[in-house]
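These are the structures in question, set out in turn.
Heads up, the next two complexes both have subunit A, just with different partners, subunit B and then subunit C.
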Partner chain A sequence: MTVLSVENLSVSYRIPGGKLRAVRDVSLGVHSGEVLGIMGESGCGKSTLAAAMIGLLPAGASVDDGTIRLNGADILRLPPEQQRRLRGQSIAMVFQDPMTAFNPVLTIGRQLSDFIGAHDASRHSRSEIVEMLKRVGIPDPERCLGRYPHELSGGMRQRVAIAAALLMKPDVLIADEPTTALDVTMEAQIIHLLRDLRAGFSGAIVIVTHHLGVIAELCDRVAVMYAGEVVEEASVDALFHDPRHPYSRALLSCDPAVVQPGAGHLPTIGGRVPDLSALPPGCAFAARCTFADPVCADPVPRHQAAGRLVLCHRSEA
Partner chain B sequence: MSSVADASPAARRSIGRALLSDPMGLAGLALVTAFLLMALFAPWIAPYDPIALDVRAKFQPPSAAHWAGTDHLGRDLLSRIIWGARLALGISITSVGIAGAIGLVLGLIAGYGPRWLDSILVLIFDSMSSLPMIFFALAVITVLGPGTTTLILVIVLVSFPAYARLIRTQTLTLAGADYILAEKAMGAGTGRIIFRHLLPNVVGPLVILICMDIPVVIMLEAGLSYLNLGVKPPSPSWGNILSEGYNALRQAPYVVVVAGIPLVLATLGFTFLGEGLRDVLDPRGAGRRWG
Partner chain C sequence: MTGVLELRNISVDLPLGGFMTRTRLPILLDVSLTVAKGESVALVGESGSGKTTLARAVMGLQAVTGGSVIFDGQSVADPAGLARLRRDAAMMFQDATASLSPRLTVGYLVTEPFRIHGQPLPDPEHVARDLLAKVGLPPAIAARYPHELSGGQARRVGVARALALGPRLVIADEPTAGLDVSVQAEVLNLMSDLRAEMGLAYLIITHNLALVRHVADRVVVLYLGRVVEEGPTAQVFATPAHPYTASLIAAEPRPDPRQRRMDLAIRGEVPSILRRPSGCEFHTRCPMARDLCRHTAPALAAIGAGRQARCHFVDQQQNQPGVRHAVEHR
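Moving on to the complex of A and B:
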């Protein structure tokens, strides 16, 4: 069952003298039990898409077009109070930086029970919280409840943040760069934790990352974003073994893990993401693409077949 | 840690300790406590009735019977000063407290509410604080007539914009914090965000500012009373005592001195306490010891 679906979503930021089109005509869906990865380099609209999904776009950003359905309900058109009630309960989010995700003046226990209290003041929550902290691998969860955020390490805080997000058993969990702010060891631990949690979690997970390892380890399906567009969508196996879009290919060939030892240098994609307020006609990647030819300035066709989607003139899906 | 004040119980204990270990903060705390006790227990401490006349004993210099001497109507100056503390602190704490509460509420609304409301409130704060304090006070007193209530009203009106602006700035900074976004992502409503997350983080600086403002208010009260525009005689305001002492400066110079001392000490006490609190509470302060 599709729990979260995004249809033809466009989001833009108002900037002096124009519009910055951060998300352009994106359609995606996740069903329960599935893990969807959203991949792409910085500034390609991943985080804006994630923020739109949970209804917390930053000031200055607005949805121009499209719908977001959570369990069938069009959340963009719900009154704010109902949107608020969905957050935490039906859809929850884990943020990038666990160091700043907690109020420094309140204990962990107080903040976690607050999250429950925001939805159901009558629920007796302590044992639930302890249980959840145990599940995310917090040693001695009872003591953790009385601690302040600064008394926990970054990895521990991210575990607590994940526990907080899972506390209300949401249908969709969005993790926006959940490991980016952590060091490598912690990152590996959090990836393992998320993989373990998948087993006991019935909802859908959306992971936004630029880390190919995270995608490969955790996801079922991947959407590759470039300049606000989903340029390729495929199962993880299909994408990693047979990337069709030149951008996906370029990204995968830049992964340090696949570069031959002794290669001397790390491959990069030349150029930079185009200015989102003044996009070229046709394919946005054409300027950096090794396969580009004049046809790329024409509107890009959508090749859709066998669970794959590719937006490219030069590649058949 | 980026927030200015930490309201956790453990942190509060360490604030207390840090304040006590700071000589200036300790001196401030001692002076303020002394004045508070004086104000609270005035009826029991004061050796005489502060308004009882004894014209035969007028202008007596300090002696064993009258430690601070007597004034032109033979009233005991020490008793008048002790009762004066009650007036000075009562008026300043009440008015600054009310102004602080108003500033807190309006500042939170301006900082966290809709933009248009913010613009209106900022306009109000700015126009209020553009008025020169003394002239504004004189205008209000002319309209409403002198008296304690007028005095409190004037002080509230002139001091709340500064508090509101402080709270507004703090709130604006905090509203962009990641944990506020995280709270929203967990479905926290506006009320919960304001009272549970913003309020504890903004009261610290307000407490400091209020503490630093109390001496200003005490001086304002004394100044207006000195001009016969504040507390009405025969109430023993320090300003009244000074004013009456000034009229008799040639005969009894000690009256002015005796009335000036508590004014100086109270001002110093609250300023020291405020400075001490700032050093302890504000991590950006030069005398940072904790944070």
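Moving on to the complex of A and C:
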């Protein structure tokens, strides 16, 4: 069942003298029990899309078109009070930096009960919080409740942030670069934790990251974003072993982790993500694409087949 | 062997807060390493392993409590040696944008090292253009301010600044942290080109193992301020001798969904340096720990040409390449 779906969503930021089109005509869905990855370079609209999904777009951003449905309800058109209630109760978010996600002057226990208090004070008790902390791998959870955020390591704070998100039993958990601030050993542990949690969690998980290793380890399906568009969507295996869009191919081949050492120069993509306030006509990737030809300046066709989507003149789904 | 940079038994302690206490906390313990001319050495370890403290100690930004830093055969303890080190060794900082003054143009920033060291600078514009060309930036960028640069461009300006005085050694602190994979590849290519052109030696501080594999000739692994393994990069990755090295390598996510790791290489966190474990300091997280490890600290021992490891059971570890991992097959 599709829990969260984004339909033809376009989001832009107002900038002096124009509009920066950060998300352009994006359609995506995530089913319960599924992990969807959103990948792409910085400045491709990944985080704006995630923020739109949970209704936390920054000031200056506006939804120009499209709908976001959570369990069928169009959340963008709900009154603000109801939107706020959905956040947390139905959609929870884990941020990149687990330090700034907490209030530094309150204990972990106080903040976790606040998290819950805002939504349902009676149902949860201290034991439930302790149980959840234990589940995300906090040693000695009773003692953790009395601690302040700065007393925990980065990995532990990220675990507590995940526990806080799960305490609300959300239908969708969105994690924006959940491991980027962590060491490789902590990253492995958080990947492991998120994978374990899927077992007892019926909701959907959306992971936003530029780290290809995290996508490969964790996701079922992947959407590749470029210049505000989803240019390819496929199952994780199909994407990593048979990428169709030239951008996905280029991105996968230049990861230093996949290139054999001693092979000389690493492949690069060359060029930059285009200016989102002055996009070229046709395909936004054409200027950096090795397969580009004049037809790429025409509107880009959407090839859709067998669970895949590819936006490209030169490649089929 | 003499190198560009030689660290002999470096120890650093920091005073522990408290008015009457004289307690000092050891951060680095007896670290020795050599970077030969034109060689690239990577220093790896988790947060809290002392990597950054070591880099700061080399540059004279952190006083050492024991041991000596020798640059080009001359101790940096005397002022002349330190001045030479600061001129002939350059630092690439982790946060490239933050390391550039926001109120100065790129052109001024890349020529600033000449002004700081009182070197003659007859034609700043020409020098800036040359330096920017060396790192693959167009001359027009000289007129820009740091906030107008992308992450990759700021990193390149950082490299240009480091190269200004023709250094012999570059100390790079997490040179690819926070960059997209495509930009990471560009920075790594730039680093290896410059090394080939200018005979630069690198000391690279990182926890990105993919980076280590691509640019380092030798790797030194730190755990809680001690060297636990050292050796040629290819050998260390193929047959890690210390269980900690093996777990670090195994923890790296693989960009292939057909090779998902189903068990964890390493559990727990780096212990607090306030409470160092007894015996071998890695025993609290080691999959092979035995009684001996809990009581007796192993010494750093040579285990073949250019390789050293600090483990009681080096022999057993080397027979089984790395910690084994279940792989999910579909």
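The rule is short, and it goes like this: the second predicted complex is superposed on the first by the 316 of 317 C-alpha atoms of A that agree within 3 Å, B and C clash if a C-alpha of one lies under 4 Å from a C-alpha of the other, contacts with A are read in each partner's own complex, and residues count from 1 in each chain.
Here, a contact is a pair of C-beta atoms (placed from the backbone, for glycine too) under 8 Å apart; a residue touches a chain by one contact, two chains touch by 3 or more.
Keep in mind it's a predicted model, so treat the numbers as computed, not measured.
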Simultaneous placement of subunit C and subunit B on subunit A, clash or fit
fit
Touch test for A:42: subunit B only (first), subunit C only (second), both, or neither?
second
Is it subunit B or subunit C that touches the larger share of residues in subunit A?
C
According to the stated criteria, A:217 is in contact with first (subunit B), second (subunit C), both, or neither; which is it?
second
From the overlay on chain A, compute the angle at subunit A's CA centre subtended by subunit B and subunit C, rounding to the nearest 10 degrees.
80
Answer with first, second, both or neither: which of subunit B and subunit C does A:237 touch in the superposed model?
second
Now for A:16: first (subunit B), second (subunit C), both, or neither, which partner does it touch?
neither
Now for A:72: first (subunit B), second (subunit C), both, or neither, which partner does it touch?
neither
Applying the document's definition of touch, where does A:54 land relative to subunit B and subunit C: first, second, both, or neither?
first
Counting only touches as set out at the top, which of subunit B and subunit C does A:200 meet: first, second, both, neither?
neither
When the two structures are overlaid on chain A, which partner does A:299 contact: first (subunit B), second (subunit C), both, or neither?
neither
Superposition result for subunit B with subunit C: lowest C-alpha separation, Å, rounded to 11
Both subunit B and subunit C contact which residues of subunit A?
none
Within the complex, subunit B is touched by subunit A residues 54, 56, 81, 84-89, 92-93, 95, 97, 100-107, 114-115, 118-119, 148, 150, 161, 164-165, 168
Which stretch or stretches of subunit A touch subunit C in the complex?
41-42, 153-156, 180, 183-189, 191-192, 210-217, 219, 236-237, 240-241, 250-252, 254-259, 261, 265-269, 272
Listed in rising order, subunit C residues that touch subunit A in their complex are 46-47, 150-151, 176, 178, 180-186, 188-189, 192, 207-211, 213-214, 233-234, 247-248, 250-258, 260-261, 264-267, 269-270, 330
In the complex with subunit A, residue positions of subunit B that touch it
1-3, 5-8, 10-11, 177-179, 181-189, 192, 196-197, 200-201
